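Take a look at the structure below.
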């Protein structure tokens, strides 16, 4: 396991958002984190990054206990993040949004060129200000930004949101490619179908608790189970 | 049934952005109404417009037939509209008792009275004690609000709203952040209030809402998508197929 | 009424009577009574120096103090005054009237000083005067040169030792109208000192047949004079007379020098205090007034400078200037007056000072000086100076171009404005 | 009401950059008539201009040429504050853009309506788990039955997205390559090779299975 | 009209200088949402440090100082222009070290803390350099006057205005064209994502604060020959800086620049035509503007308001 | 009833009584401890000023950073009324109070809908305007030279007429007013009005939603605070027998903030009194030794802001609680935070 979180309790102020959440991701593995609105999926990612420090529990990454590290150190250890609301700096151009993300880690360095090869529209968007992009375009930049930071683990928060179906396929393809390269992926999705199509394993969260975990294939292939846990 | 509180075609915009498009709601006396909807649907904005925090761009709010649109929050509050907040809004440096006392209409009426001290008025303390007991905080009156447990703070939040002696009480996600025990305790509290005054609750916890509410309105895109008894809403096919449908 | 004791007794009696007549209740008796000390003759005489150490006039205040210290040291060296040692204390008045009041109160009530010396800022001087007047304490205003100090704000217990705006105007204006030109512009700091000074200048200009084209008001704390300088350039006057003080004049000087405007038009600056000049010798320009210069070719000056330098070897300013000189002169004349009065009875000392005449030699000035008994201002020689083109050494910044007799430079309007209280109204004491 | 509810007449929007040599970086043209009382699905690749099109329809983004007529009124000549009484754009919160205003409002026409005639839903989030989809679809139908024009823009990335589109839409627009193509029904949509390319192989297969 | 022109030009140069003063203040407010009331003191420190270097008042052995004075004034000035701001930036870093504790708390903390710091720095200046004032010598090339339209103009003011323009342009370029600028901008917009991208926000903030201090010092050096160097010159700088930021709108670069020019024009023109109002005019302008536009001319919503 | 609420319902608390009695004996011993009566007067006046300022900062959470203006206005009003209208002590003091109320109300009308930093900005701007006007209008105020010859008018009680020219007499007069103000303010902060002010400080939004007219409270408390500050200013004019614009400057406005914070005005009624005494004593004692006393005071202030926003009073409370076996409080931080209005 490159990422291991154990018994996380996370609070927003006084409000507890995660209750005793444990999960792990191995290199070459894609793990899906599923669940309804407000289940605590995004909070789990924030806790991993140290953006919302867990009150209890540990997070280890790449062999080190990173629970108490400052966020930038955790990121530098090799975690890339694709936040659900993209969070590009609106007044910067795409190129500059990408440029600030470049960093060295012990993992493979992605070049801007490579990411452009994944998302062909990127090339033409380079000198546009991020605020003038459409939602889907922003999403591509956000993913590219995570890759440019040479991650060993990528946290995807709703990567398919706002993307055209073809592009979603490209993203999934990229995730497979990452996996093939030995990079771990943790993917948060409301759209379970999409996530399960690439995931090896899955966790389901509800009201801040892990309510199910197991092989993704089990969920994928068992509509009844899926219906029971995730609806439709 | 004549409505105690009516919102008529409310629209609210911030610049280019429309947050409420067309909201029409009616709450009868003694009714317990729920409001639900996905994140960002405009539920809290709706509360804010109803309780006077924002003035709607269009539309009318009426209390007991009287037009209260655009009145300031304190004016609306004085007419008997009280609310709690999603993010707790207590007077943290006050004790629980003082939190309640501050909201008493008796104190409000004597707001510019400096002839006597609050602490000397035993009527205030007595009223506060009754309210504290009602929300399950008996014996904790002397504790600073900031030092109360989370669940107690939630209860106090409702206690403060109740202290203003409202005719209609708006509760914004009262269970958020509570565990199952806390939620059950709150459900009991709200259940005990049911029928005594009109209560409107925004809630994410469907189990909680569906078990308590007389009527529920679903809000999204600043519109009322659906309205009805919990049973009526559950009849929807998509609902039945979803997590929501699995409640019971 | 020559006898202070009688007047004091009379006063107490009068106030007690009036109290009885009005049926009033005095909590604590008239303070005059509590201020009479039958002290032993050998008790030291204590002087309080209300000198700014910080704020706008911190430098000047300290230079003032250096002169005064020297005078005291001279007297102590020869055994004090009337056999009594002279002690002194000082506290920072922060160039702030409120602080001035408090320090004065402290010196008088706590430290039991009978004499206060020192001021640069007229606001501070006024604040101290008010406190001193309440107790009858003598106050020597050494360096605040607002004409109002010896005019409407004069006081029986206050003596003003510096030349003021009107003196300097009278010394310069008539001459300049004749020799330079008739069109004048006034540049006036927009506060009392500026206004009174400019009014005096204006009167002089008009009396000499000149014309004041414009009077530009400069708010205090103006840091940038360019808009005024532009206006001046547009108006093309013959002479610009400034009544700009403190930090503002320093900034103005720097900017005029920058623009090389110091040649034409002719500039007349009211007065330049040595501590201000010493910081910025390059920006001296125009004609300006002073009461003393350390290179005056008069007997005694060189010795005085030497003595001063010996007393303050590592000071921030290497030679005494007019500010230090005023501090010295005021203190020396006070001590001499006490000697002549034969004691520290304030009324007696006041009377001695009112009759003060100092010979030119004693003053180290060109003409005899005297204390005006009506306005309590030292009437003295007023010098005109300009920047020295051929300085003899680093400190030789001025070229003295003329000197005016006290009579000529005297502010004849002051007497009408100044109403000194009767001696009877001054609380008396002997410390 | 006579004629179509929403008419795009010679509508064109271009963005260009460069001060001296103007280079067109974006162009979108549309010529459309849409009647009321129907639900229209809109799909198209990222950056094709769907949002720009919606913005022009609601009068917030001024076209380079052409007019947008809602119930016969040129929406760009209606008072700013009242344009949303004709057409309203429900967009995602992080896509709020500001546009400059040229004329003061008082020189413009009133909208003359109290509730929007055209409702544009820009990528509404359909989440199968919370059950709101049912209410949403009911709502679309209610609007339609009330004589309004409902436009739903959606990237069908899951099977049920396709299902929803097929179930509720009475016509489709495909925005791509600077133009807007109209398709009468779901099956017709799938014939267009550009649409198939947009959907990708997986989704196309699923769509065909549905059709 | 002809009469007016010089005053407009003067107002413009004055405005540019005001904008220069406000630049560092703006940077810290805009990017860190910290009100740095010690800005004026850093401004004064810059002037004092430069004076030390230019006028060779150095706390060094006499022979070294002597050697230093043999270097031409121009070179000493240039050295001061480089090193005085750097020294001030160090002080800025030290200050940031204290201010750091107030991040994430009410901005009022920072305001009070820097108010205290301003007082401390001013007193330290008094302690070290005394209360007297100094004049910063400037090289021949940028002193003196130019005759234009029959009027003599100060060369130094043109130099200062040009310097202000280039400083503004450089800061703008720095923010807009360099990766550091991108990081600063992104950090101001969303500190979380910047941290999640592996950027050390603590260091970034220290850098920004130091940069703000550096700019304050630069402004101090440029203004020193005009205003003179004295301990309380800081107050003369921080008040306009503060006014400009509130007027221009917190966090807006061009807002600050245009507010600076606006105030410069106003002070210049009132100085010429209604001189007794020139000091009051900027406050009145501020109150009028802020009464009608709560966030100033170009302000966006920021953390600073609740 | 616990001790706190017992105290708060009293008109005069034992501590207050003891304090006032102690002050009554002050002229007897102040000289013996190396001080002088005038300093006592000044401390009382500044303590009154700081107390009324703390009505805003500590009780209502309104950061007014240009408050010196009202102190100055009171001083000028006292002097001008005396010179130009009636030289009666009572009327002059009323004039000072009234001038402060009016000026405060004028400003409050502009700013009472704001909070936090923008509130602070506006109070600074208005403070500067008053300051500039005081300097500019020298025909009225005497400008920099100050408004001079303000008499210490006798206190006419009808049956008795007390001369206040002497410092000790004036001290008792100021003490009487201070004691009245102290009692009045104590009652005020413990009355419903004061309770609501504190509620507004902690949570303006909530206060509005339980029916309190927040704007009106903010408006009235600002006016009241300005009025009382002006009353203190009037007494100051009497003490100094003159009025000067300096106290209206930004620096002096900052001093009262420093006094209040260092004393512990955020957590204690007595904070401003402690702070004012500390400030003036430090200035008098350290100021006699070094002119750089402000350096040390500035450092102390920084340390207080950084480490102990509860100030001296908070430190004392913490000490008492610790000895009583209770945990220390951290309310000062929370209160300072709450100054911005509800973002706790």
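The first chain written gets the first letter, and so on, giving A, B, C, D, E and F; residue counts start at 1 in each chain.
Rule of thumb we're sticking to: contacts are C-beta pairs under 8 Å (C-beta built on N, C-alpha and C of every residue); 3 or more make two chains touch, one makes a residue touch a chain.
Everything quoted here is computed from the prediction, not taken from an experiment.
Visitor: When you check each chain against subunit C and subunit E, which touch both of them?
Guide: F
Visitor: By Cα centroids, which chain is closest to the centre of the whole protein?
Guide: E
Visitor: Which chain maximises the distance between its CA centroid and that of subunit F?
Guide: D
Visitor: Tell me which of B-D and A-D has more C-beta pairs in contact.
Guide: Answer by contact count: A-D.
Visitor: State, to the nearest whole Å, the distance from the C-alpha centre of subunit C to the C-alpha centre of subunit F.
Guide: Inter-chain centre distance comes to 36 Å.
Visitor: Measuring from the mean C-alpha position of subunit B to the mean C-alpha position of subunit C, what distance in angstrom results?
Guide: 74
Visitor: What's the distance between the Cα centroids of subunit E and subunit F, rounded to whole Å?
Guide: Whole-Å distance between the two chain centres: 34.
Visitor: Rounded to the nearest whole Å, what is the centre-to-centre distance of subunit D and subunit F, using the mean of the C-alpha atoms as each centre?
Guide: A distance of 63 Å separates the two centres.
Visitor: So which stretches of subunit E touch two or more other chains?
Guide: 126, 276, 279
Visitor: Name the residues of subunit C that each touch 2 or more other chains.
Guide: 53-54, 58, 190, 219-220
Visitor: Among the residues of subunit B, which are close enough to touch at least two other chains?
Guide: 38, 238, 241-245
Visitor: Could you list each pair of chains that touch, in label order?
Guide: Touching chain pairs, listed by label, are A-B, A-D, A-E, B-D, B-F, C-E, C-F, E-F.
Visitor: Which of the residues in subunit E end up touching subunit F in this complex?
Guide: These residues of subunit E touch subunit F: 35, 98, 101-102, 105-109, 111-113, 115-117, 119-120, 122-124, 126-127, 235, 239, 242-243, 246, 276, 279-280, 283-284, 286-287, 290-291, 294, 304-306.
Visitor: Could you please specify the touching residues of subunit F with respect to subunit B in the complex?
Guide: By the definition above, subunit F touches subunit B via 1-2, 5-6, 8-10, 187-188, 190-196, 198-199, 202-203, 205-214, 217, 220, 331, 334-335, 338, 342, 344.
Visitor: In their complex, what parts of subunit F are in touch with subunit C?
Guide: Per the touch definition, subunit F meets subunit C at residues 31, 34-39, 42, 135-136, 138, 142-146, 148-149, 154, 160-163, 165-169, 172, 236, 239-242, 244, 246-247, 284, 287-288, 291.
Visitor: Hey, which residues of subunit C end up touching subunit E in the complex?
Guide: Residue list for subunit C touching subunit E: 53-56, 58-59, 62, 190, 216-224, 226-228, 230-231, 233-234, 247, 250-251, 254-255, 258-261, 275-276, 278-280, 282-283, 316.
Visitor: Show which residues of subunit C lie in contact with subunit F when the two form their complex.
Guide: That would be residues 22-28, 30-31, 53-54, 58, 91-92, 96-98, 101-102, 105-106, 109-110, 121-123, 126-127, 130-131, 134, 146, 148, 153, 190-193, 195, 219-220 of subunit C.
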